[in-house]
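In the two complexes that follow, subunit A is the common piece, with subunit B as its partner first and subunit C second.
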Partner chain A sequence: MNWIAVGLAKDVPPGVVIPSRIEDTEMAIWCTPSGRYHAWSDRCPHRGMRLSHGFVRGETLACIYHGWQYNQTGSCDYIPAHPKLTPPDTICVPTYTCVEEGGVIWVSLNSVDDPLPVLGARVPVRSVPVSLSAKDVAAHFGAAGFTTIAVVSDYDTLLAVQPCTDTMCVLHVLAAPDADRKEVSRWVEDLRTTLEGVPA
Partner chain B sequence: MILYDYVLSARCYKVRLMAALLGAPLTLQAVNFHPGREHKSPEMLVLNPNGTLPILKDGDTVLTDSADILRHLTSDHPEWRSADDDTWLAFASNLNDSLGLARLHDVIGYAADIDTARTAGVTALRKLEAHLTEQRFDDLIFLTGKAPTIADIACFPNTALAPDGGVSLDPYPSVRLWMRAIRSLPGFIEMPGIHRLHELAHPA
Partner chain C sequence: MSAAIDNHWYPVAMISGIDAPRETLLLGKKIKLGREDGICWVKDASGTPLPTVERFGHLWTSPGQPNRDLFTIPEADSPGRRLVDVGSVKVKCSPLRAVENFLDIAHFPFVHTDILGAEPHTEVDRYDVKIREEVDEVWATKVKFFQPQAAKSAAGGITTEYMYRVPAPTCSVLYKTCPPRPGEWDIITLFVQPLTDEWCEVWPWMALYDDDSTMSEMVSFQQLIFMQDRSILENQLPRKLPLDPGMEVPTQADMTSVAYRRWLKKIGYTYGAQLVAA
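So, the complex of A and B:
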């Protein structure tokens, strides 16, 4: 498992942080005001609060609990209760390799140099949670892996599959640039109904 | 105007939020809904025989339905109304009976078939997400258009409080951005479980 889609760029605009996960790895995905995407472990090193509940402040991510702020390398550089303290380097959040390409936010947990999945001319439409494992979705389409699955439709659709739990995955849906996005959105709703209706 | 209010009630919060956004003064009369069941007391049943909250008293007018109260508060504010509001006020009831019920079960021990309530809540959230996604394709962020209306205020509380009832909001990006837009409105107020956006200054 190398590059996994964890969201669409348009759903995480600058200044926004969201929770996401790849299997058992819970992440805070956030975008700086200057448009850089980050994927971090979703735990504040201080008291374990989910950082995805926090706030983007300037180019840092601040925890909602005590306001500790982490710079773009994941290191803590400000503790509001001790404003004159320079926090030690050991206070840092584990970070994951994260890039935005083709309007999709991709994360690699094992930091490989593999090329990103090929999207062709397709553009992102929407992300949809499905109450099935990623493996079950891949099996439905007879796909060997589940990073991306091209699905025959009127819209040249491609699904970037995000494995979450044994009973949930997220489909990040891409389609031909000239496709009617509302039609594609309804198509994927129908697809989900079909997938979830198939007995395991 | 007097609002007979319970701080943890999603429906009472709709009224407090709407009044705050309008800048309309509201006198809050706290009612010990839980554990006191004061809303079922003889005094309260005189005011509202149904024994529910919220209750809004405006002069001689007494209103006990949150949708009616939202309409009443905005009767002189056409900018807070749209032709599609009724659909979403009905949908807000659906949210209340699913996500809202799951929350009351988890938070104050209401009797409920919790699995059924959560499943119905997820179905409702999927509908909300699908609609808001289509709105965003048209560069609209709110339920009925570019500006918020009573439709948004009616649907927001039980949606935002879904995690209190064990229903995750994590996989709904359009719902998240919609909630963020509501929390960004001038005059927005919090309730327990729904916090404001913290736009504090970065240290110099």
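So, the complex of A and C:
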């Protein structure tokens, strides 16, 4: 599995952290104030608290439980209970390769150097969860994979599909820049209804 | 279940809240409890009566043969204290995670912001921790922390002193500086009923010196604190408490939790614990 879309940049502005997942890998996706995106394991190594409940402070992500701060490489560089201590390098959060391109946040769990999916001139519209696996969505369109699926419509639509569970995925929808967003949004709702009616 | 787990006393109800007979879970098994002619009873699923103790406003029982009496808190009997039944909160976490969180002060500025702690007062000074072999309890003493509003009765920020005691695997007693009466300790307890190994019912109980607050104000204060804790407890991974080192990283501020985990391991209390790194 190479690049997977995990969210749209406009939904994760600078200073925000959200939970996300690719199959069984639960992640905290966050954006630094300077606009860099990160995807980390959603677990603070101290006490196992979800980092997606944490807060962005400066260029670090802080855990909500004890305020431990992790720098951009995932290493802990501040423990509030011991302000004078330099934390050992061994305290770090597993990180995944993450980039923002074309308004989409992409993650690669196996850190491959594959080129990013080609989006053309399309722009992101919205993300919708669908009660169907990513594989079944790909099968519905007769597509070989689900990273991106071009779907014929009046809006030059492209779906970037995020696999979540055996019965759930998220569609990140892109469309032609001049497409009416409300119309695309209605098209997406209809698509969701169709897909959720597909026998698994 | 092993004797090391069964042979303890567990809280299962607030006595004042028992009316009609009802069912609950203890260690994953159904039990039934009620009150007749003022006496509380507990039965297992087959209808066999289980031993009971009524203490600290709560009903306690055991599915095994407890080899010692339910612990006591002699200080709570001194006159002038107000005894506060806080009620109960069900939490989707291991009962041991709930106790461990109660033993932790370093989270106060971040989880109980502007109440039990506030930045920049985040530092945790060294304190004393000991497993008291003669009573088989974990004790932490000389724990000090700056608190903006230590209790309902506190007028402003003070450095509070704490003592923590773990007299049973799913119970903890906190002795805390009493704002209106320097030299005395307020007592706040956390009694945890293990419904299953990943689901618990928490019964806080307090014995406070506070002549001004109403009962409902004291209850609300403690409930607010515990609701904030619950938002943490239901989001820790794994839900069970890891007893083996390696899965989580303690620091000096976590000495009480390190001693608690070591003690659980020593007495073989593994219900709600994760023994092997997943």
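Going forward, the second predicted complex is superposed on the first by the 200 of 200 C-alpha atoms of A that agree within 3 Å, B and C clash if a C-alpha of one lies under 4 Å from a C-alpha of the other, contacts with A are read in each partner's own complex, and residues count from 1 in each chain.
Everything that follows uses one rule, which is that a contact is a pair of C-beta atoms (placed from the backbone, for glycine too) under 8 Å apart; a residue touches a chain by one contact, two chains touch by 3 or more.
Computed from a predicted model, the values in this text were never measured in an experiment.
Residue contacts after overlaying the shared chain place A:189 against subunit B, while subunit C stays out of touching range. With both structures placed on the common chain, the touch criterion links A:47 to subunit C but leaves subunit B unconnected.
Touch criterion met: A:66 reaches subunit C, while subunit B stays clear of it.
After overlaying the two complexes on the shared chain, residue contacts for A:9 are found with neither subunit B nor subunit C. Of the two partner chains placed around the shared chain by superposition, subunit B is the only one that A:129 touches, whereas subunit C remains out of contact.
Contact comparison for subunit A: of subunit B and subunit C, B touches the greater number of residues. In the superposed model, A:83 makes contact with both subunit B and subunit C.
Comparing the two complexes, residues 64, 67, 83 of subunit A contact subunit B in one case and subunit C in the other. Across the complex, subunit A is touched by residues 126, 130, 133-134, 137, 170-174, 176-177, 180, 195, 197-200, 202-203 of subunit B.
Every residue of subunit A that touches subunit C in the complex is listed here, in rising order: 26, 42-43, 45-50, 53, 63-67, 79-83, 85, 90-91. Subunit A makes touch with subunit B in their complex at residues 7-8, 11-13, 16, 18-20, 55, 57-58, 60, 62, 64, 67, 69, 78, 83, 126-127, 129, 168, 170, 181-182, 185-186, 189. Across the complex, subunit A is touched by residues 106-107, 109-111, 119, 122-124, 231-232, 235-238, 242, 247-253 of subunit C.
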